[in-house]
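After this come two complexes, each holding subunit A, first together with subunit B and then together with subunit C.
Moving on to the complex of A and B:
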């Protein structure tokens, strides 16, 4: 018998019945470590940030001076804040809609299952794995006005290349283009996975009924893809709103603040100008926009498995 | 796909897409093998390769500018933070997948919504916190925030994988006297291995690429991580030598690109976590 006890012990088995309290405690222990970590290094900093946004603090070593809502009032009357907000609005709406359009198109195209399309699919995954910072540097080289490859190509066919990164009007367009280059594959991968998982019998039925290709797409494929499209769009909207690395690598907010988005604006005040209270207030305005935005979006999109809704 | 013309058009489009995806990388690599003067003079850059220039450029990037030691720092931080995030995240994801309790979905929502938090909102407080507890310029000062940043992602990915394992399996083991922990260790972990790989991969890529928090917490050159090092070396603020900037870019992305070749199927799975349901 001692032999058996040892083997059961080794497998982590115990034959003693557990009390409800013990079960509750062991179940709570599943979550506790994660929750503690998140509270300490995500939730507490968020509250810290809220407090900071009500103070003036202009060097890390200084003591915060309580100023109430002054930072928020200053923000509302700061034309550069509104400029950044407009840039963010343009950036997010343009990139998300372009990415959805092109991404869905790509998914349909790859659904033809051409030979070697797996290879191109794996290539298209690469851009979104690498840091936007390097994407920015890479495109700054490609778009260089003196020796860049793209201008050489454009001028090679006899056209004049736009001033990609040097003009106020083109700056934000270029930023949008590069973001679309990097992240359209995300929409494509998500939509394509859904497309490949669609049951084929619907299609057989539709074809037997004599539905045209357009009608099959419009009334069958598109509605079935909608959840995946919405999922991808929400993710892209949130991520392009909150990230600042591409701006940092590609344009550093210029020329003349034409590509300064809200997150880059907050970054500049928090890091470059060491205006911590002001940066915190900006990030709280961003959080507010995110909370309202995602709450609205989640009414239409379900991200979680059914049992957690 | 009937006519020949349609086929030709389709394959042309396919090739075009492949070139669009890969050309920027190849161009950056090509620039990193040139002399500074060649970049300005040869337009487009010639497809020639000179070992001597190549070695000189990469010697500068890796050793004189310190990218080699930044890679080491990043490897330590990424490895430790990813491991801790998995150790914390596995039980939580398992719990969300298996336990029914009041507040279950509320708690899951709360954790998952942190996935959407802008890093800029916590970077300054994290910096001040790390300074107070003396973790500025230490690996730990980065590992702790990075664990909390990647936890929501890890939990999110793993819930999906746990959901695919039939509950009958745990029930059977629990009836036989297994505790929750031994169910996780001896039964779930081996079965959920693809999920662990996916979660670890996404957490690792995220941390490898992060540099905002590092920008605050680390100001000692010797402790810089790879993305932070790259960010300070090639900032759009100041003029740069393009062959060296391209080399910095190559060194930053090559480890991830090599890594990603072995794990293609997991990449798609991780990106679409939650999208298929």
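Moving on to the complex of A and C:
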């Protein structure tokens, strides 16, 4: 008898080949805790809210009444829903574009490795470490028309401060501005990390070939950075689309409904008006938009750099 | 007084079915021909300790633990929290407080009320949701406790609560499904109630030779005269905020003859009356005073107005009584000694009155049966005179007992209390709180009125839009069938 078999038998173990069924069973046992967690905390709530979205459950007195797709039909004809959808679209497209532009610019700038840039880099990422709700309240104070620091500075140099949170046009602009302030560092970090890891041999070859700085950036750096930019943009788009706490803390959806996004709209119907079915339907429409949106983005944006394909 | 006479009086009091205050006792005793000195001796007999012999034992539920769910937004929880030690010392009951903000409180309350067993033995609900929560049949009727002298402290004094507050959170006819009707009690006002009063700067009015505004025309005129570079002639809640509709617009609306809804939600005839001359006029009045208000008043909510007033930047405004605390506090207000109050202005021929605010405390039906009597004991302690006076003195929370409003010590310290009492006695429950959709209706009103204030639409368009959206909601919920 071989030595190893003797040893394992002595240890009460057997090395005989296991049947596929046994392998399946043991794998299932290993996966079971994760599957149970997923079912309890992700899949069940998903199905529960899907069912909820097909009912009318509006008050303490009521039990859910099955209404089929009525909540979805109501949503499609609700001007407030469309207003929130348009606000979300504007908010996401503006914030993501600005964050990518500024974030890439900052990454390129800090890649020059200027003196003390490490210190500025550290300070630069601080905004994204703050809770969005706190960011909202903080900026609300900074932009206070009577005693806010920003207005004081603007008026100190003889200019007229805009009505940051009091006008329909400026309300959404302010919201975008604060979101960009908070999350541009995320794009910066992702792109900067990629920049630091770019292979130097491409650049050496380009310089030997006599490429200008612009051409190096346009035809070398940018394509190599695209996966990181695309990842950051998709991530930020999804996050901005779901953004609720900043709206809650900064504008509470106003003035009028100028900054009511879909997340805030769902919150109001769910937690303020107790229209649970309607809020669930809104959330499912949001989920649908996100699934379609992210699928399209991943379809047309390649996350793997060309030289690795 | 003979022993027999004493016994007769005592029996009469106990049979009267509820606790009795000193004034009522004096009146009743006069009918028995009892002199005051004798009565004072009798009051000693009726003291809590002595009442143990008569059935009321303060320590009857000692050792019980009661869980209280209440708002964390309005300082009520701080006042009660401060006094929990006293409560435990007097009754032996330990009370644990959970105090989320309003939105999660409503959510948690609804979940709790609908569950098989409530983890809370006492729940605080906002008056605007009495119909939803009490009307849903989820709260215990309290008359059996109130009428039982063995369960209710003799000095608790049910009659001391103000009638409008009782109609807002206490009385509910479950058979008819009507709030404020009948004498079935499901909640006790607490910890605070409150309405709206008029605040004005005494120094500025005196300097300009003006009297505090009694009508809306006078309010407008004073705003115009008192506006300077440093001071706004008036202010309001101009932001898309909970109180824009229910305080600034609604007060003007009902004091110029407006009636918010006609018909009844019960028979499908409930119809909003926002798009009426009174409704449009009330909103136009707000638009008309914008030139005399702080330049960014359309972003002003509760805090901005309190700050603005306390900094001496506002000459007059109508506001929840609740702000009287900070604006009369010399530590937080530069104008504490020159702030005056009065009833809200009203158009000629109309009585000054405003919305009834405040909270109720009740015992959920699905609470642990064995703890309900102890919960009542804790609830009576939380809503007693001592706690109410402490809440006003320490936190300037709105009172809800007539005796607190009239306490000489408190009135000396807080001169707004008599005006607050008048407002509380004349306050009206807003009709939209008779249906579950109150918060949604209020949100629509605030959004449209805010849009009018920032110049997005005129008053007539705003009121028409509110009317149309409200009618849609009324119809969808079955309150309006035509």
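Definition applied: the second predicted complex is superposed on the first by the 265 of 309 C-alpha atoms of A that agree within 3 Å, B and C clash if a C-alpha of one lies under 4 Å from a C-alpha of the other, contacts with A are read in each partner's own complex, and residues count from 1 in each chain.
Everything below uses one rule, namely that a contact is a pair of C-beta atoms (placed from the backbone, for glycine too) under 8 Å apart; a residue touches a chain by one contact, two chains touch by 3 or more.
Since this is a predicted model, take the numbers as computed values, not measurements.
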Classify the contacts of A:145 with the two partner chains as first (subunit B alone), second (subunit C alone), both, or neither. second
Tell me which partner A:198 touches in the superposition: subunit B (first), subunit C (second), both or neither. neither
First, second, both or neither for A:216, with subunit B first and subunit C second: neither
Just checking: does A:256 make contact with subunit B only, subunit C only, both, or neither of them? Give me first, second, both or neither. second
Subunit A residues in contact: does subunit B have more, or subunit C? B
With the two structures laid over each other on chain A, which partner does A:89 touch: subunit B (first), subunit C (second), both, or neither? neither
By the touch definition at the top of the document, which applies to A:271: first (subunit B), second (subunit C), both, or neither? both
For A:168, using the defined touch cut-off, is the partner it touches subunit B, subunit C, both, or neither? Pick first, second, both or neither. second
Could you list which residues of subunit A make contact with subunit B in one structure and with subunit C in the other? 60, 144, 146-147, 252, 254, 271
For subunit A, which residues count as touching subunit C in their complex? 58-61, 144-147, 163, 165-168, 252-257, 268, 271-275
Subunit B touches which residues of subunit A in the complex? 8, 11-15, 18, 26-27, 29-31, 33-35, 37-38, 40-42, 44-46, 48-49, 52, 60, 106, 109, 112, 114, 116-117, 119-120, 122-134, 136-142, 144, 146-147, 149, 152, 181, 185-186, 189-190, 193-194, 197, 227-228, 231-232, 238, 241-242, 244-245, 248-252, 254, 263, 266-267, 270-271, 276, 279-280, 283-284, 286-287, 290, 294, 302-309
Interface residues, subunit C side, partner subunit A - complex: 103-104, 106-107, 109-110, 113-114, 132-133, 135-138, 239-240, 294-296, 298-299, 304, 307-308, 313, 436-437, 439-440, 443, 447-448, 450-451, 454, 456, 477
Can you check the complex and tell me which residues of subunit B touch subunit A? 1, 10-11, 13-14, 17-18, 20-25, 27-28, 31, 39-40, 43-44, 87-89, 91-92, 94-97, 99-101, 104-105, 107-109, 111-114, 116-129, 131, 144-145, 147-149, 151-152, 155, 159-160, 163, 176-182, 185-186, 205, 208-209, 211-212, 215-216, 227, 230-231, 234-237, 242, 245-246, 248-249, 252-253, 256-257, 260-261, 264, 267-268, 271-272, 274-277
